[in-house]
Amino acid sequence: MIFSGVPWAVLVPACPFAAAAVLAMVPSWRAGAWINFLACGLCFLLAASLPFQVGIRSDWVLVDRLSAHMALLTAFVAMTTAWFSLTYIRGEIARRRLDRRKLRLYHAMYQAFLGGMLLALLSNNLGVAWVGMETATIAAVLVVGLARTPSSIEASWKFFLICGVGIALALFGTIMLYLAATPAVGAGLAAMSWTRITAAAARCDGRVLNLSFVFLLLGYGTKAGLAPLHSWMPDAHAEGPTPVSAVLAGSILNVALVLILRLRHVLSGNAEAIDPGKPILALGLLSVLFAAFSLWHRRDVKRFFAFSSIEQSGLAAFAFGLGGPGAIFAGVLHMTLHTLAKAAIFQCVGRAAQLRGGQRFSDIGGLVGTDRLLGLTLAAGIVAVAGLPPFGLFASEFLISVETLRHSVWLALPLGIGLVVGGWALMMRLQTLCLGPPGPDVRGGTLPAVQLVPIWLHLAIVLVLGLAMPAAVADWLRALAAGLS
Amino acid sequence: MILPLLAWLVLALLILAIPAPFSQPYVMPAVAGVCGAAAVAVLGFLAFGAEASEIVVPVGLPGASMRLALDGLSGVFLLLLFVSAGACAVYGHGDRESLAFFPLFVAAMALALLAADGFTLLLGFEAMSLASWAAILVHHEEKASRDAALLYVGMAAFSAACLLPALILLSPAGDRIDGLGFAAMRGAAAPEGFRGVLVLVLVVLGAGSKAGLFPMHVWLPLAHPAAPSHFSALMSGAMTKVALYVMIRVLFDLYAAPPPAWWGVPVIALGAASAVLGGLRANLEGDVKAVLAASTIENVGLIAIGIGVALTARGGDLPGLAALALAGALLHAVNHGVFKTLLFLGVGAASHAGGSRAISKLGGLIHRMPVTTGCVLAGGSALAALPPSSGFASEWLLFQSVLAAPRIGGLGLQIVFAVTVALMAVAAALAASAMVRLIGVAFLGRPRTPRGAVADETDRPARAAMLGLAGVSVALGLLPGPMLRLINPALHALTGSDLAERAGLLLVTPTSVALGYCAPAVAMLVGLGFFAALLVLRRLAVRGHVRGPAWANGFAASPAWLPFGDPVTQYGGDSFAQPIRRALGGALMAALEEVDMPAPGETRAGNLAIHLADPAERYLFAPIGRLRRAISSRADAMTFLSIRATLAVMFVALVVLLVVIAWVQA
Amino acid sequence: MIPAFLAALAQVLHVVLMLAMAPLLVGVLRRVKARLLGRAGASVLQPFFEVARLLRKQPVLAHNASFLFRAVPAVAFAATLAAACLVPSFTLGMSLAPVSDLLAIVGLLTVARVSLALGAMDVGTAFGGIGASREMMFSTFAEPAMMLVIFTLALLAGSTNLDFIAGVLREGALGLRVSLGMILVACLAIALAENGRLPVDNPATHLELTMVHEAMVLEYSGRDLALIELTAALKLLLWLTLISSIFFPFGLAIAAAPLQWPLGLAVWVGKVAALALGLALFETAVAKMRVFRVPEFLGVAILLGLLAAVFLFVSTGFAAVT
Amino acid sequence: MLAPQGFGTFAYDFSHLLGGAALVLSFTLLYQRRLAAVIHIYALQACVVGAAAAWQGFAQNAPHLYVTALIAFGAKGVLIPVALHRIVRRLDIRRQIEPALGIFPTMILGVGLVGLAIAVVLPSTRHVQAQTLAREDLALALSVVLLGMLAMITRRNALLQVVGFLSLENGLMLAAVGIEGMPLVVELSVAVLVLVAFVVFGVFFFRIRERFDSLDVRRLDPISEERR
């Protein structure tokens, strides 16, 4: 057959793209929503097979532990968010923020976004990975601008132009990387394959590698929301529909970080190239500090959590910058847990914003007073993201701190300041959001508990992975980290 | 054998937190039962030699297991924890609002004390902070509670951020993820020079901010009053001790080599500052629970002085003195834990019955709540370090250690000790004054509100809890020797010396010469004197008494429409504080009295407003807050840029990186 | 067996003498002061008569006086008596000598002070509050001074046991030291403050705004007041004895040698009488100071104590003294 | 076929010439003050890049590069400029460009950037003996990229930013076609075209008229003005 020899893994990104095509043609938003969810479910099931296919590394497809892990995570978050979206859009329709035509675009782009990310993760080819990122960006831009309000248009335009420049730079870096690899692996597709380049990293042209590193770091760093390239993130998160914020917050950052991580691995294999860790680490640290201090003055809930995402993404980048199996283990763990926790938070915030009819702190304040369950769930999510026990981010931040201090005492000082200031801001906003008396003109209403089930699932995973990680998962992650350092 | 039992009991506490949110009435009694069982187990462990042991629990840091250990030091603190927690659980049997957090709080503290690796320690430490944070927020509708909780949780984050690096610096480098096991730290070479000093600084800051050491003490008088009483009791009595435990554990056990002698000096200095400032604030606070919280600062300061002296002695290679000082610190930690728990419970009951936490709204409770007042008197006498109470016994040991400390040598150190003695005495006197003020204003005198006049004694379990704690406190005061025997294994492990021959059943001596403090003798003397006086009066003097209006140097009796007398003519909290405020408050607390005196003939009321500012707030927290705001504003300015400016930032970043590359390659 | 018996006998004698001499001391003091002021003065036995008179009177309790109020005089008396038991007067080595710890003595005096202050607060009058709060403020400054005195003594003798210290000082092994002189002055200042003597407090005043100790006991009457008066007298004697046995330890007998007792007794009476005379002269010469000058007054004592310790460190290089 | 390597060969010189032309056009873009002229220059640059692609296709004997050339000619040289002109008319955008930075400093900066590009690229590729061709071409392409970015940030006009972005992207294509044997060039150029098309479409779609310079927190987050 024509597909013989093509691994099953190809289906993982193919599924959302196919779904996107179908959704573009389905006029009913109700059907669309369900198709969206089912497609995500299917995609997740397909992705669930990825860990068993580890080792595939053709010219096009790469299924190693890292890509399988991140793809599975992305698909999972996309699935639960699609479930969340089912009821969320009903509320949006009721509030006339979305209509049927927009929803068609929304669903199609949701799938295209997912497909782009999975493509970027599972592709062994630099060019294809780049195309995946580009697709995801364009899809995200279209969704962020969906509301057509002046502010959403501004946000999406900012998002687009900045990320457009970012991915343009990344393309230049990709071309450079190819150029650097040709002396080692020869011209042709091989020189665009992550695995080949990594294997032959020592013989690549170190100086061109440096150049490509600069462009790829800035290019994908923009997508990862690393300071000072982060300014698109808060606006895009605040203005986009919440399901997209939920996915955007975690997944696209992860994809960009994964690419940076792979690049780091290539450069660290080359003696001639600069140490890739330092710039990554510097950007990561800058992001942590920047975001930690920015958190304090926020009035918009989603923008606030976007800054928190910048901080966490910066922390993961920082860990990757440190290098070594321990730090990469910690970084990947942190990335994973943060994605889950942040998606849970955004889902809560989305619900709360719908209940209260606004997404400012002044709109949502005192959530426990009107919807106890939702308020407590949100509080748990924020506690998780703040890196407090019993949730897993405590463990990952612990590990990152250990690695940091082993690396350098002086690095720990700014990192510690950033984490304390950021965590403090999160707790402050937890108190504003969940506690205290609700405002005088606040709309009440509670949510059926069933809608919170996926959120609880997320938090439960964050809890278990942090404190009682099954040995198999731990071994898996450890092997993953060892493979990258 | 006892360690697995304790681990199971901690697990039981965690499990009890599950039904707790559903307001199950059996939770608190069950918690009390678990705590009681655990206390008995720990007591047995300490009494029978305190053989250290370690177990591995198959949960914890991803890829590693949690390690728990029990030895003499953790045993002492566990004993304190379970005794206080048991009493608090009995006291708080009717609690429904913060039910879930109580077992979690206790379990987290136990976990921190049982931890044998850095991860578990921090996990317990932070979970403990979080549970108590939640308890502070039980009344989250009140802004004061929220503000206190916010400051509290920030300080908790700060303390974790300090402790973690300290533990990492102590642990040997390795590639494995091992959660910073303590055994490895003991085996490793202690970090020296700059890194060693860093360990000291971080531990003092980290543990100190949780314990309430100056200048990180500002949260205590805010946070403790906000929580429900049985929580505040446990926070003050046990939680601050957990922080001190961490300090001792790190400085004496995990830091393997004897540190330089000067290491103790900063600890002593901060301890002395806390003691004086805490004592002073205890005299100035207007909230009864804040008074107790401030007094906790004072006592933590005293304990820190003991730790500092022990540290100095350890560095000066005087294990006997180190053991004496540490014994004082540990004994005071235990004693303070018990009597402060008792006081919080008593004062909590009083403020609940009297309808206010403001010291100047209570009064006259002794008539309606004799048991509570009696228990508070028992606790208060320990707080004021009156012989033969437990507080005196431990402060006596602390004084003895400081009095002996000049042996370590060095004129600078000796002068430090001399000043320390004076400051400790100031603190002790301030504590006595604060106790007189608290009891005299809130419990004695006339009721200041109608509610106070009809206050009801607390319920039976609460009284039982208080009486039990009072009994423990009295026993600790009368028999400090046996308690020191229980502390001995810890002393032996940490300093290489102990008080075995110096802590008798009756007599405690600082040196091996048989001169010392004999609490039973003192108690007997006072008791004999008391009964002799009564007997003589009964024999020689006329019997009976007459009741009449208060004399008050001839002031008229209170009019009929003010059956309790005019409450304003009584000395209130602020008026009692006036002499001390004038003498010390101006210099230390920037006390300012603002008098608004109406001109003669004017009919409006006069007013006296008092402004106080903690130096730590003024000179540390406020500037840091301003700095934070300034940076945040700057960060905002950097974030919310136009597209063009954002692109310019990217462009500059690109150019800079390219220039760096070009430069590196050239 | 016999030494233990003698020690116990000395102890009992000591207690009886302390109790008997305390009112006498007050009587003598008043008499001397009266003479110095050119008045005839009452009999030196007047305090005994007063106590006896008060014992015959029923106390008048305020309506809202609690059980605490009634227990306070006995507690204060018991604590002061306990402290008095521990201070060697005419002989060393009494039964309670091993536990005659200076810190315990200070602690017991604090018990007396605190209980009086609580009693003052109990009725809820302004005078009780004013007295109690001022008394506690004074102690805030007196205690550090006292502790520095103890610190210096402990450095010199190597123990805080009063009996032991007095023994060491009596041997004269340490010679005359500047430090000792300094702490003597400090000790005198503390004694003035503790006993409510001029210039800190005026035991004879009943002017509301200036009184401290008298304000605290304003509500007491009848036999309760008798006990309080006795307590105050006992405390004064205790302090004078304390000063005499530390700073003028000559003539102290040994409990095991009863033949020395008479001499010891005579010397003790002489020393206390001399100190009382000095006190009377001093009190006649000075005026009462304002309440908020007292911290300064006691601050000097603190500084002297500190200086004494520092002098000791410098002069001995200290390590040898232990 | 012609040997692509080495100095002095015709193949090298010609591709060099085309690259140089693109760079000069980039400078012109920086210098130009009229919108219509800017669009024309962009179109010209796209055509030059197309020519470069075609020449490389010929020189490297890589027929697929002709497709790239065709895309460059057709889409970027014709369609996009036409669309931009229409947008200018339709949205009634002011024809005069308002520079945020004076023309002269901009030019100085541009020269500095070219110097930086050469300083970075030339020593970088010293070891790549097989690809001498790529060396200077790459420097030129990087210069075009950097100048494109410079154009984006020195002009206040939103459309000019778009044109700067498009010019930047021309530089990318110049780099991609300049490397011998680079696979997926066609695919990538299509993907880039999609991106570009979306940008242009976005201008129209979002009716971005003049500028978005005021896009900052004060407009997006009105409450934060009254910060505590």
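Labels for the chains are A, B, C and D, by order of writing; each one numbers its residues from 1.
By definition in this document, a contact is a pair of C-beta atoms (placed from the backbone, for glycine too) under 8 Å apart; a residue touches a chain by one contact, two chains touch by 3 or more.
None of these values were measured; they are calculated from a predicted model.
A.B. asks: If you tally contacting C-beta pairs, which comes out ahead, B-C or B-D? Let me know.
C.D. replies: B-C is joined by more C-beta pairs in contact.
A.B. asks: Using CA atom averages as chain centres, what separation in Å is found between chain B and chain D?
C.D. replies: About 67 Å, centre to centre.
A.B. asks: Centroid of chain C to centroid of chain D, CA atoms only: how many Å?
C.D. replies: A distance of 97 Å separates the two centres.
A.B. asks: Measuring from the mean C-alpha position of chain A to the mean C-alpha position of chain C, what distance in angstrom results?
C.D. replies: Distance between chain centres, rounded to whole Å: 77 Å.
A.B. asks: With centres defined as the mean C-alpha position, give me the chain B-chain C separation in Å.
C.D. replies: Using C-alpha averages as centres, the distance is 34 Å.
A.B. asks: If you look at chain D, which of its residues touch at least two other chains?
C.D. replies: Counting only residues that touch two or more other chains, chain D contributes 120, 123-124, 149, 152, 161, 212, 215, 220-221, 224, 227.
A.B. asks: Which chain A residues sit where two or more other chains touch them?
C.D. replies: In chain A, residues 157-158, 161, 165, 169, 207, 210-211, 297 touch at least two other chains, as defined above.
A.B. asks: Give the pairs of chains that touch; include all such pairs.
C.D. replies: A-B, A-D, B-C, B-D
A.B. asks: Using the touch definition up top, name the residues of chain C that touch chain B in the complex.
C.D. replies: 55-64, 66-68, 70, 73-75, 77-79, 81-82, 85-86, 96, 98-99, 101, 103-104, 107-108, 110-111, 113-114, 117-118, 120-130, 132-134, 136-137, 139-148, 150-151, 154-155, 158-161, 163-164, 206, 208, 218-219, 221-223, 226-227, 291-292, 295, 302, 305-306, 309-310, 313-314, 318-319, 322
A.B. asks: Under the stated contact criterion, what part of chain A meets chain B in this complex?
C.D. replies: Interface residues on chain A, with respect to chain B: 157-158, 161-162, 165-166, 169, 207, 210-211, 214-215, 217-218, 222, 228-232, 234, 274, 279, 290, 293-294, 296-297, 324-326, 329, 333, 368-369, 383, 386, 388-390, 392, 394-396, 398-399, 401-402, 405-406, 409, 412, 416, 419-421, 423-424, 427-428, 431, 435-437, 465-469, 473-475, 477-478.
A.B. asks: Spell out the residues on chain B that touch chain A in their complex, using ranges where they run on.
C.D. replies: Against chain A, the touching part of chain B is residues 59-63, 119, 122-123, 126-127, 130, 133, 137, 140-141, 143, 146, 149-150, 153-154, 157-158, 161-162, 164-165, 168-169, 173, 175, 177, 180, 195, 198, 628-629, 631-636, 638-641, 643, 646-647, 649-650, 653-654, 657-658, 661, 664-665.
A.B. asks: In the complex of these two chains, what residues of chain D are touching chain B?
C.D. replies: 100, 113, 116-117, 119-120, 123-124, 146, 149-150, 152-153, 155-156, 161, 212-218, 220-221, 224, 227
A.B. asks: Name, in rising order, each residue of chain B that touches chain D in their complex.
C.D. replies: The contact residues of chain B facing chain D are 633, 636, 639-645, 647-648, 650-651, 654-655, 658-659, 661-662, 665-666.
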